[in-house]
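In the part that follows, the structures are each spelled out as structure tokens.
You will see chain A twice below: alongside chain B first, and alongside chain C after that.
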Partner chain A sequence: MNTPVVSMDVRHVGGGVAVVDITGDVTATCEQPLMAAYEEASTGGTNRLVLNFTGLEYMNSTGIGMLVTLLVRANRQKQQLSAYGLTEHYRQIFELTRLDEAISIFDDESSALGHAGAS
Partner chain B sequence: MRNTRRGLLRRRRPELDAATVASAPVPLVVPDLDIAPNDPLLPVFQEASGPVDISALDLDSPALEQMREAGVMLVVPLVASGELIGLLNLGPRLSERGYSSDDRQLLGRLAGYAAPAMRVGQLVREQQSQARTRERIDQELKVAQLIQQQFLPKAVPDLPSWHVAAFYRPARTIGGDFYDFITLPDGRVMIVVGDVTDKGVPAALVMASTHALLRSNAVRLLAPGQLLATVNDLLCDDIPAHMFVTCLVLVLDPATGNVVFANAGHNLPYLRTSDGVIELRATGMPLGLMPGMKYDENTAVLQPGECLLLHSDGLAEAHNSDREMFGFPRLADIVSQPRSGEQLIDACMAELADFTAADAEQEDDITLVTLERLASAVYADAVPSDAGPAGSDLPTASVTSASADECLLGQFAVASVAGNERVALEQVADAVRDQGLSHDQLERLKTAVAEATMNAIEHGNANRAELDVDIKVFRLADAVAVTITDDGGAPSVDPPMADPDLDKKLAGEQTPRGWGLFLIKHMVDAMDVSTDGAKHTVRLTIHVESTPIPLGKEAGDDEQV
Partner chain C sequence: MTIDPEQAIPLEQIELSVHEAASPAEPGKARDAAFWAPNVTRLTVDADRAAAGFNVAGKRVTGPQQGFGRLWQRTYTVKLGSSVSPQQLITEWKDHFGDFWPKGNRFHGLLITPGEVAPIAVNTGAGMKLSTGVLVLYADDESFTFMTPQGHMFAGWITFSGFADGAGTTAQIQVLIRPNDPIYELGWFVMRRMEDRFWKATMVNVAAHVGVPNAVVEEHTNLVDKHRIWRNAGNVWHNAAIRSVLHLLSAPIRRIRRGRAH
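Up next is the complex of A and B:
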């Protein structure tokens, strides 16, 4: 249980937008991969980051804490964060923690990219 | 009389005259001198007002004889606080003249200074030796206490429809009381109480080996009489001659209330029935006295509402300042009152406190174990403690088990290693699969269980892999409850923390973390925290709207998603 059970793949989709495909668990063990993915996604003048949670299996409070850290860093770089692919349960948690006010939530990639491209 | 009546000065005092000293002084050697307590010489020294001229004495005294032979001329008694504490023995002057009155005066003054100083020295030495003895005894007590505590159960068994409570209070000198709960392979529970004669480290060691023998043989033998006979034979080989162990073994079938018990000379348990208090009798010799003993095995049935008390000597044989004994009738009388197990224990200790003086030192260890079959109406304090930490002042853990109308769906433990909360989450999900939780409720419960387990691993058990987090899943009439228990039971832990606020976190006014408790609270319908001094338990409850499925799983268990 101590090896990271998460992968974070970064796709630069053009227009200053990068998608991070998150697969597995967002917990304490994914701090390094998440921050590495953030560095990678931020190269080349990226100003919008889209987190793809379609492959998310489990996220705990530590994981939420890391998203807050990510949000702080993105805010500092004037980057926008959005997300899609969350299950109903994790949408509720985003609402409960008010993360949904700082990270725009979309149903799927195309609407997330549409938004990311439009604004 | 002090026993130091020895010649204190074995060389004669050199003259102040340097020339004389230079003329090769011959050392005077006085052999170690023991003066018998009835020697007539003693009163002479005791009452002398100054140096005593030995040649002038006419006494029938062996000591005087010895002194003369050794060449002692003058004796200066050292007296402090009216007590003779030593003698200064002088031989002839080097100048071969007699001792002048000046000499005598000087010696008298010297004795006046020397005696109290010597007395102080003696007292200091005595005190130091007493302190060393005390320190050694304290050290031994600590060791005995450690051994003893090592073997006392950390929790009482958790049996649906039963309520078990235990109380143990060691005497200052630590007797050899012990008790134990052993779950047998057939689902019955063995309850053991025992008492080793003697106190301190030897008793603690015998207790430890008795405990080990009982434990290792219980699972194999199952029958209490046979267990006692076997342990007796094994113990007889090793136990010190003057020691023995009284021990009561009782096996409870929680499903039926049947108990089978055998007794090796221990106090008889009291059972409160609707017809009054009865003793559970079974005969047998204490363990460790002689091999080949047989132990009677008797049975009883505990009906709903009945309560059994197992007790050690420390209570019934306590004395008050008039040397009256607390006594068994008084104890039986306390048992006869309708009370829950904890209330019974409290009542026993309160009566004892009334009986003995408030500041009286407890003579012997006190061990009380109660076993209560819950009636349909449970006692207020027997309901699992969702009212927060119990207000009990008992110095030992008295742990509450599940109440009657709960059904245990599952129970398991995970080691305190980060990541194991996922194991807990899956197991809980599995246990509640047929309980009619909606998909959303199940997800919420899983998140809450994972967060509470994380807290237990990280904070309660400080990530110590050897400690378990215990998890139990219960079905209630209209809810599902999960308890998560860790060893962080010390005065609790949860400081009133502000709810996490995203704006403050983004502004750097709060740490990005700290979402756990907040999440748990919002995931479930109730979160209750209780602590008993050793264990810390979080209880999560989710109400189930749909009709509860009757106890006993239905055949098709894959219809629920």
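Up next is the complex of A and C:
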């Protein structure tokens, strides 16, 4: 099994909002770290999850698939999912795969948190 | 098409093609930039494949969240041992993709490069071909992914990959899909069996091609989301099965019109 080249750090920023800082490669190897980060982010009555992609370096189609799985889990828990920090390239991928219709995308953290009602 | 294991390509004749992964990314570009399809709103089909792509041209792609039915992740794997590396496997799979399909089905793709739109004709077993297609969403040297258009049986994507573990190379097909509309959802259990037959036969052919005859294909199914997305029930408007039947029935009218035009 390949070692994940990704790190996922969770910040609880108050108001039921958690930010997951994703740094590195989002591929098949990051399934466990992503789901562990989701579990950690979901503690304490979190109802809004914000994914920070500022440190995203590489993503393949399996990575996009994992985001769908994450989205389904969040929807099941009635949690809202949003994202920020996507470069133009990754924003285009979100549009192409139509993930942007299910995950709200923002330019930066303050906009994302503002939308999430935590700022 | 069934491939005779006797005709399997000797490993020494399998050449690694030049892949984007081997080249460093251009400065300022993401490392994966060359692997993804360009963003498109609606699909276009080449003029020489337009006749086969009548159910694809002008359609939007559909991800898992644009479908209707329950969300399934299905994985088919076959162990190939040391007969081939993951990169060699994917090179061969891309080069002969449609040849590995079971008889009676047709893949109108050419090179399996990101952004290519490939019409397909699927044998429904009811004396009718269902015409739909795929977009090559992603392709690198160890995997490639198709995304489906409106009207396809499934909304989502299908990834073909090769990976190495302690036992050698494994070929994998993984689909993440929802039936696209209520009619397809009703037919899920029939379609599921069809999918099993189709992809298992495909993988046996792939394995034989790289020198592994009589391969055993394993299948694993995971229900990711048991909820249906009712707001997408209107997808039935694009249903490719219905439109394929209508296209077939209207063939005489099209012939008459073409005759008058000449």
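Simple rule for what comes next: the second predicted complex is superposed on the first by the 116 of 119 C-alpha atoms of A that agree within 3 Å, B and C clash if a C-alpha of one lies under 4 Å from a C-alpha of the other, contacts with A are read in each partner's own complex, and residues count from 1 in each chain.
Basically, a contact is a pair of C-beta atoms (placed from the backbone, for glycine too) under 8 Å apart; a residue touches a chain by one contact, two chains touch by 3 or more.
None of these values were measured; they are calculated from a predicted model.
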Practice item. Once the two structures are overlaid on chain A, check if chain B and chain C clash or fit side by side. Key: clash
Exercise for review: Have a look at where A:T43 lands relative to chain B and chain C in the superposition and call it first, second, both or neither.
Suggested key: neither
Check your understanding: Does the superposition put A:E95 against chain B (first), chain C (second), both, or neither?
Key -> second
Exercise for review: State whether A:T29 touches chain B only (first), chain C only (second), both chains, or neither.
Suggested key: first
Exercise for review: Once the structures are superposed on A, label A:T54 by its partner contacts, choosing first (chain B), second (chain C), both or neither.
Suggested key: neither
Check your understanding: So, does A:R76 touch the first partner chain B, the second partner chain C, both, or neither?
Key -> second
Exercise for review: Go through the superposed model and pick first if A:V68 touches only chain B, second if only chain C, both, or neither.
Suggested key: both
Practice item. Please state which segment of chain C collides with chain B in the superposed model; the candidates are 56-64, 182-190, 236-244 or 254-262. Key: 56-64
Study note, to complete from the structure: Overlap of chain B and chain C contacts on chain A, residues 1, 58, 60-62, 64-65, 68-69, 71-72, 75, 87, 89, 92-93, 96-99, 101-102
Check your understanding: What part of chain B is in contact with chain A in the complex they form?
Key -> 417-423, 425, 440, 443-444, 447, 450-451, 454, 500, 502-503, 505-506, 508, 511-516, 518-519, 522
Study note, to complete from the structure: In their shared complex, chain B is touched by residues of chain A numbered 1-2, 25, 27-29, 58, 60-62, 64-66, 68-69, 71-72, 75, 87-89, 92-93, 96-99, 101-102
Check your understanding: Across the complex, what residues on chain C touch chain A?
Key -> 29-33, 35-40, 60-66, 71, 73, 137-138, 140, 143, 145, 147, 157, 159, 161, 165, 174, 176, 224-225, 227
Check your understanding: Which residues of chain A touch chain C in the complex?
Key -> 1, 57-62, 64-65, 68-69, 71-72, 75-76, 87, 89-90, 92-93, 95-99, 101-102
